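Both of the next two complexes hold subunit A, though its partner changes from subunit B to subunit C.
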Partner chain A sequence: MFEARLEESAVLKKILDSVRDLVQEANWDCNDDGIVMQSMDSSHISLVCFMVRASSFEVYQCERNVSLGVKIDSLAKVLKCAASDDSVTLKADENEPNTMDILFESKKNDRISDFQLKLMVIDQEMLGIPESDYTSTVEMSSAEFRRIMGDLSTMGDSVTIEINKGGASFSTKGDIGSGNICLQKSASVDKPKDGVKITMVEPVKSTFSLKFLNIFAKAAALSDTVVLSMSEEYPIRIEFAIDKDVGYVRYYLAPKIEGQES
Partner chain B sequence: MGIRGLTKLLADNAARCRSDQELKSFFGRRIAIDASMNIYQFLVAVRQGSDNLTNEAGEITSHLSGLFYRTIKLMEVGVKPCYVFDGKPPKMKSGELQKRIDAKKLAQQEAKKAEETGDVEAFEKYSRRINKVTPEVIQQCKTLLKLMGVPVIEAPCEAEAQCASMCKGGLVYATASEDMDSLTFGTTRLVRRLWSGATATNEKKGIRPMEFNLPIALEELQMDHSTFIDLCMLCGCDYMDSIKGVGPTTALNLMRKHGSIESVFKALRKEGKHVVPEVDLSEIRQLFVKPEVLSNSEINLQWTSPDEAGLIDFLVKQNSFREDTIRSGIKRMLSSRNAASQARLDTFFKKKPTAAKRKVDEDDTVSSKKGKLSHAM
Partner chain C sequence: MLGGSVGRSYDNDGDWIVVDGYSMALSGPCVVGIDEAGRGPVLGPMVYGAAVCEVDKQDRLRDLGCDDSKAMSEQDREAVRDRLRDSSLVQAYTKVLQAEELSRCMLRKRPYNLNAISHDTAAGLVREILKDGIEIEHLYVDTVGIPERYEIWLRKAFPAIKAITVAKKADSTYAIVGAASIFAKTLRDHILRFWDTPDLHPELRGNYGSGYPGDPATISWLKRAVDPHFGFPGLVRFSWSTSKNLLDATGAVQVEFEEEDSEANQSNILNHFKRKTGKEQLPKYFLDRRLCEDSNFL
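Moving on to the complex of A and B:
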């Protein structure tokens, strides 16, 4: 029997919210390390993956590796029935994962709800993501990231992100005009999460679709900070670490390549 | 048309080669479209009531409307379409073509009869069948596509063969055709019902483009491509009729037993139960193995900006389309061209084989069960 108990359902709710705009259904691979999901959106432009580490669960039992085919919307519906501070327990039969049992218990232990969700057999393409060294990274407040993406969307469809010695700049161009937002390296002493940290081996400049970045930015609910990692003409990685070492949600987005004709 | 019963044969014996796809998943892919088949579909399907759309002179314009809007739809999804037109038909096909001409004549007579007796339903049914893709229609389609900036390829002979050669050479990602013999010609990926993903009603009904993957099909059938060609010929193709009493399943069993169509014919003749046609098998096989096609280096695929003035002149002035709808179509084309610079993620990250492997094991047990069953029969 696979069993995992989280102290608060809120984390799971937020994770679902961060993937549901991109993915309808996906396999949740459960093993000794924790629960992992990886899926591309249907146009194969972006990929989202999350991991919730085994250590972050109150109870985590996984005798055999198992893939649970989850319809994201359905699970989100079930989770709506839980209060944010309810604990949530997921259970499934490792040998025949046809259904997932979902149990909510209130803080005062006076309310227990129990749901069964049907699982699916999903034939899914998995991509091997190389643990590559990115030439430049920016760590910044996730709320700030969300705001920049929102602001630029009023002007254009895509954003050019440039990281160099001076800082990180985000610029866009549209029918009505153009815009540019520039962040400088800074360290905020009292509130470290508001600082902007830049590590740079080589300057880098790439263009990405704002439609996707805005979807990713919603994951700001999971984490105070976000790390953007980039290399020239390579997908950008956008990582939200979930607080208290619970795990992460990562997005990968293929760049727009000008003059590409194929 | 195509290979008799091949779809079902593959569904029964190589289910893993077929998958339903969302139209979106073809984002950024080049797709070679078998033009004549699709134009014919437009003539049949794009209608106002029971009549084709026409311009002021009363000439049919259904094909232009269909081609224009559906191509835009594909471009908006991010597909890069190119259209491949038939050249002259191969000699061996004359029998099949004669049959089609006869069928048209019959439909014409039936339609006339229905009109006289006032049977509206039957009239509609048969009048759809009369449609013929005339050289003028083809010429207009080519003109339209060129104005839209979409590549047009004129195959020296059969369009399916040309598509297959482009697909094999990696010039395009897939062939879009309804014709299963695209696989016989060696198309590695065949997409049927490509358009179905483009309309909202089909999406709701769950009708999606179907992708057939040839390498997987061959792996599942455990045969090489030349044996597969023999199998298709035995099922009955455009160049030779099927043998009475030999359906697809029997054909597959016979091929497995004898290995080549020549040996199958020999065995059948010996048995004497079937009427085996006297045809030149190696000549027909050559049509599939070495069809007359342009080599990939002779083909230049280039998508260019639509010619706005030209389109307005051609569609609005000459063919009575409404100017505002055409202009908004052109706008959609232009904005889809801007989106075309977006790369796909799977060009950077490679697929992991793990998930597929597990599935192979499952399918193996299923197919071996089926194998036993058919032996028992």
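Moving on to the complex of A and C:
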């Protein structure tokens, strides 16, 4: 039997919210390390994956690796029935994962809800993501990242992100005009999360779709900070670490091809 | 293709200008008249004509019957045109603006309206005449829009021409403009009457009427030609309200054009990350039984 118990359902709710705009259904691969999901969006432009580490569960039991075919929207509906501070337990039969049992318990232990969710057989291709060394990274407040993406989409459809010695700049161009937001390295003593950390081995510049970046930015609910990692002509990686080493949600977005800027 | 004695036709920046009576040798200063035919109709081209005649011979034009082409019957018009050709008095430049081109100009994002098209076409003809080495003593133009403004615009464009007159009904006032109108009108009528392009169903060939919305023959042709999916053939000016209304009345299919694909130059994540192969892709049967591929098997 596979069993995993989380102290608060809120984390799982936020994870679902961060993937549901991109993915309708996906396999949740459960093994000794924890639960991992990886999926491309239907247009194959972006890829999202999350991991919740085994250590972050109150109870985690996985005798055999199992893939749970989850319809994201359905699971989100079930989770709506839980209060944010309810604990949540996921259970499934490792040999025949046809359904998933979802159990909510209130803090006072005076309410127990039990749902069964039908699982699906999903024929899904897994991609190998190289643990590549990115040439430049920016770590910044996730709220600030969300704001920049929102602000730039009032002007254009895509954003050019450039990291160089001067800092990190985000610029866009649209029918009504253009805009540029530039961030410089800064350390905020009182609130470390508000600082901007930039590491740069080589300057890098790529253009990405704002439509996707705005979807990703919603994951700011999961984490105070976000790390953007870039290399030339390579997908950008946008990582939101979930608090207290629980795990992460990572997005990868393929760049736009240079030249035919319309 | 046009019948009669077309002296020369050539391409000027992708546009055809036909010159009638090119072989005649004009000497000395000339008068030039410009008029158009087919501004109003829903079918067929608009034709611009410019007539050139030596100053001291222009009095003879009236005797040959040059007048407002609209006031004449079709036969009379053609007779006058033939007489003009035989007389070797007039050299005529004509430019055809096809219906498709007019529709395209008027319906484009930043519309190029019919008056601007007319002004630019007239100026183009004048430039062509000057290029042929003809000395223009006086230019007479039948107006499009406000005559005073049009005249100032032309003066600015052609400071070398001594006299420019832009007037309403210039085709009946000045014989040289009348001559231009006859060349333009007869050419337009000819083109419409013998119109036959591959986009026309055989049953639709001919019987176009005059091409004006007031002509019952034209309206009945339009009603036969309209298709709920393809609209009209290229002969029809799509930008005219007559054709628009008829499309709506036919219940033509409404098309919503999707926003231009902003992801056209978007690369794919699969260009960067490869599909995993090997053990993880083995069917469930093998995984359950902990079976794996062994290349040394054979």
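Please note the rule applied: the second predicted complex is superposed on the first by the 258 of 262 C-alpha atoms of A that agree within 3 Å, B and C clash if a C-alpha of one lies under 4 Å from a C-alpha of the other, contacts with A are read in each partner's own complex, and residues count from 1 in each chain.
Methods note: a residue touches a chain if its C-beta (ideal position, glycine included) is under 8 Å from a C-beta of that chain, and two chains touch if they have at least 3 such contacts.
These numbers were taken from a predicted model, which means no experiment stands behind them.
When both complexes are superposed on subunit A, subunit B and subunit C clash. In the superposed model, A:Y234 makes contact with both subunit B and subunit C.
When the two complexes are overlaid on their common chain A, residue A:G34 makes contact with neither subunit B nor subunit C. In the superposition on chain A, A:I45 contacts both subunit B and subunit C.
Once the two complexes are laid over each other on the shared chain, residue contacts for A:S209 go to subunit B and to subunit C alike. Touch criterion met: A:Q124 reaches subunit B, while subunit C stays clear of it. In the overlay built on chain A, none of the stretches 116-124, 206-214, 242-250 or 260-268 of subunit C clash with subunit B except 260-268. Residues 40, 43-47, 125-130, 157, 209, 234-235, 252-257, 259-262 of subunit A are contacted both by subunit B in one complex and by subunit C in the other. Residues 40, 43-47, 125-130, 157-158, 209, 211, 234-235, 252-257, 259-262 of subunit A are the ones touching subunit C in the complex. The touching residues of subunit B, when paired with subunit A in their complex, are 19, 22, 24-25, 27-28, 30, 77-78, 302-303, 338-352, 354-355, 359. Residues 260, 262-276, 280-281 of subunit C are the ones touching subunit A in the complex. Contact residues on subunit A toward subunit B in their complex (touch as defined above): 27, 40, 42-47, 123-130, 157, 207, 209, 234-235, 252-262.
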